[in-house]
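Naming follows writing order (A, B, C and D), and every chain is counted from residue 1.
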Amino acid sequence: MAFDPSKVRSDFPILAQAVNGKPLVYLDNAATTQKPLAVLDASRRYYEEINANIHRGTHHLARAATAAHEAARDRVARHLNASESAEVIFTSGATDSINLVAAILTLVPGDEVLVSALEHHSNIVPWQMLCERSGASLKVIPCHEDGTLDQDAFRALLSERTRLTAFTWISNAFGTVNPVREMCAAAKAAGSLVLVDAAQAIPHVRIDVRELDADFLVFSGHKVYAPTGIGVLWGRRSVLDALPPWRGGGEMIKEVTFERSTYNVLPFKYEAGTPNIEGAIALAAALDYIEGIGLEAIAAHEQHLIRRAAEGLSALTDLRLFGPDDRVGALSFGIHGVHHYDLGTLIDQMGVAVRTGHHCCQPLMARFGVTGTTRASFALYNTEAEVDTLIAAVEKALVMLR
Amino acid sequence: MAFDPSKVRSDFPILAQAVNGKPLVYLDNAATTQKPLAVLDASRRYYEEINANIHRGTHHLARAATAAHEAARDRVARHLNASESAEVIFTSGATDSINLVAAILTLVPGDEVLVSALEHHSNIVPWQMLCERSGASLKVIPCHEDGTLDQDAFRALLSERTRLTAFTWISNAFGTVNPVREMCAAAKAAGSLVLVDAAQAIPHVRIDVRELDADFLVFSGHKVYAPTGIGVLWGRRSVLDALPPWRGGGEMIKEVTFERSTYNVLPFKYEAGTPNIEGAIALAAALDYIEGIGLEAIAAHEQHLIRRAAEGLSALTDLRLFGPDDRVGALSFGIHGVHHYDLGTLIDQMGVAVRTGHHCCQPLMARFGVTGTTRASFALYNTEAEVDTLIAAVEKALVMLR
Amino acid sequence: MSIAEKQQQILEELSFLPGWQERYEYVIGLGRQLPAMSDKLKSSDKLIKGCQSQVWLDARAEDGHVRFSADSDSVITKGMIALFVRVLDGESPDAILSADLSFIDQTGLKEHLAPTRANALNLMATQMKQRALEIGAA
Amino acid sequence: MSIAEKQQQILEELSFLPGWQERYEYVIGLGRQLPAMSDKLKSSDKLIKGCQSQVWLDARAEDGHVRFSADSDSVITKGMIALFVRVLDGESPDAILSADLSFIDQTGLKEHLAPTRANALNLMATQMKQRALEIGAA
């Protein structure tokens, strides 16, 4: 195994608790991750030492807060290998980032937006709203029985009408890893803009936006050990410079008169109002934290756990695993004759936290003819013993339910 | 004096520091307030004890986090005396809240949006963008020399074409308190929707949305001792129920198919994606904190300080105070022949943090023929001694500059 | 037995079950025993859509009394509904309308439920009263 | 005196001023001594708009050398520009283009400035080199 999770568990005080008298086994990491002390301390230090409103201040605290906020932007840019920090726009989360892009694009009837069958509602509904507003149409890349996308169908759907292609790097429901580089290349060859939803990728894989060659990439801080309320839109400068602003307000303007306002440059053009300064700083601390352990070591550890879980669970009668064997992060399953909600309720009584339901992927659930699944998802602090507890809890619940 | 600030200063660790060897005197509270330990502890406790993604979770932590988040909504609703908690929508800040309202309104050419000359850019630019999009026109309520709004002109500007009237409760630049109840009544009598910007009001005055009778009221958490990245839109149910959603994504939907999505009820309809759960909980803690001291006692204390500052400063040669005598929260001044930026730079060297510049109110500055002012703004933890330090620092800077 | 007596009986039965496991087995057992509704009856106007599980509720008049049937795709949810059915089935509309259904809070079961499910239970109680009202007025 | 020598001289002058107050008085004094630009010269193409203060910069050729004049509504900003003007005024385009202007970082003044003002200083240095380039090429 790549690294020893027992060494890092003490960084996460929440994990030490008992639920219903049993030790908490937190396997709902695809929904949100827990936060290490380094991140909590960074937030707190910000407020205890340098909190001030940023950018326009002349005083000492305003200078310190501005410098820390911009250093956080640099840190994110470095993590993504962006060409410049100004391409990193802070938002309130992945959903906010996707809505930003959907709001600033102008489409006309006949234009097409292409999304995949694996998408989270946050990467579907904004495009539906854009299509409704503009008369463009939404096309869907179908997926195979094993939860991977049909690449032939994808290529057949691409045309000169495709204005924007949006797909997730890793499926939050099934853990499917899409061949994002190839998909970006194909979409761009067809002349489409490309948005990659990295909400699930950010804690598990190395992201290099220059190598990826997408136009937009989004993620949320809370899924990568940072707080809620902070997210990122990375956008290619040449694309964003040509697009209009979205939210209006302080900071995003150059000059305001009642007759006419002119807008600021990137990244401020898209950051109206007081940003989540603390959140940005804590996100930078979270990236420092995972890089301190090593993203590759974390990924290897998580892969080991997810394989162990898949093996153990697939031995149970009538259990069906969704998604391909080389899934990352999330493991989804269903059990014939057992409702996922009942299973989730019972294993919660045993201290095991998993997510049940549609995982904000109703169209994907419909495609597989289910109303939901049970999903265990993994983070750097999970252990082999926790995987074994999960399997034993599911077995015990099945005895009660059948 | 209503209460003794020395008793609460230890709740704010940041205030104990020295800047350039002098004790920090933080008088930039209209830009952002400092956070008491009770708020920092509430954030931290959330992450150390119950952090999970909310609403759809079956497990113990998800239940606890959901309950805490909804209790925070109830707390805000109670603070505003809202008819129901569902009228409280969490956003990322006041700017986000105003943009939300501007985005969901549909206007046509001939319609008018009325704003006041006192507004912050965040309460101007979203309406300009709405007017640009729709062909409606923006009208401006002018202000008198003393920085109060011209109420006769306001009434003359109201007509059956006025679709929305937006004004601030308290001016961030001058501390002017608008007669919001009367203004709401007049605008509603003319058939207009009304949005009240309570960004500056929230830390200083008691807000009762039922008594106020506006349709929308917005504020940011960070200006009322809560963290950055959380804000509120209160909206009247009958109005919001009839308006379309804005951001699309998880949580705000009822059912998603690729053909068509249906939307959730209030407040979720306007809360797409994972919200700033921690921020909402910390905001509730901040409201508890100020109510624990007593909003009326805080207001009386701040009034005492601002009057002392106004008296002391107005004794200085060539100094001009902006705004009316009964200003609240912020005190703005200019000194003939001295650039506000130079003044701010020098008093910062003496540990005094004020804001200089246009305060995101360029049209108001233009109205008064200045490029900016120096603004001292007050919070519950400020003291008489700090006011005296401010005055002495300004005097010393003037000696250096003249 | 009155509604209050039936509620008391349920609370007594549960008092013999100290652990979460026995209580859940009891609820699951109730869910199993409640007859399934025919697919014909499961029309969309009978459907109460929860966040995670679906519930069907039907009510009809029989000699001035209300007869309930209910179903769910989740057996635990179905067991919780069975508690209500056991208490209210066969009672008069008036008795149902004036019943205090807060006994469910005393079962200690609600604490284990997701807020959405707990809300679904409240919704369920409201719906049963609503149907009783319609039948009483008819 | 070469550009480097002039910079050295400024750093020496500042080294006699230990406190922030003396250093700011020095800068303010430089700002006062720098002649005001005529309103005619203060055209919008000469304006470098900062966040808080405005700066006007003019450059013209004189016998193959560059003559700078500058102004600002903020006297501290003007004093900071005066440091650059003192160093670069009257030099050849080539000398200006190859000058290392990082001496400003060693003055310790930049730490006291808002990031916007510090950026404005960098912008100022860039602009002065840009004008020198234009004059050299003309």
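Remarks
Rule of thumb we're sticking to: contacts are C-beta pairs under 8 Å (C-beta built on N, C-alpha and C of every residue); 3 or more make two chains touch, one makes a residue touch a chain.
In this text, all values refer to a predicted model and were calculated from it rather than measured experimentally.
Shared contact partners of chain B and chain C are A. Greatest Cα centroid separation from chain A: this falls to D. Chain centres here are Cα averages; for chain A and chain B they lie 31 Å apart.
Note: centroid distance chain A to chain C, computed from Cα atoms, is 39 Å. Centroids of chain A and chain D (each the mean of its C-alpha atoms) stand 47 Å apart. Multi-chain contact residues of chain C (touching two or more other chains): 51-52, 114, 117. Residues of chain B in contact with at least two other chains: 20, 56-58, 62, 341, 345, 348, 356-357. Listed in rising order, the residues of chain B touching chain D in the complex are 20, 339-342, 345-346, 348-349, 356-357, 371-372, 400-401. Within the complex, the chain C residues that touch chain A are 20-21, 24-25, 28, 51-54, 73-77, 112-114, 117. Looking at the complex, you find that chain B touches chain A at residues 13-14, 17, 19-20, 24, 26, 28, 31-32, 34-35, 40, 43-44, 47-53, 56-62, 92-96, 98-99, 102, 120-122, 124-126, 128-129, 138, 140, 220, 222, 227-230, 245-253, 255-258, 260-261, 272-279, 341, 344-345, 348, 352-357, 360, 362-363, 366.
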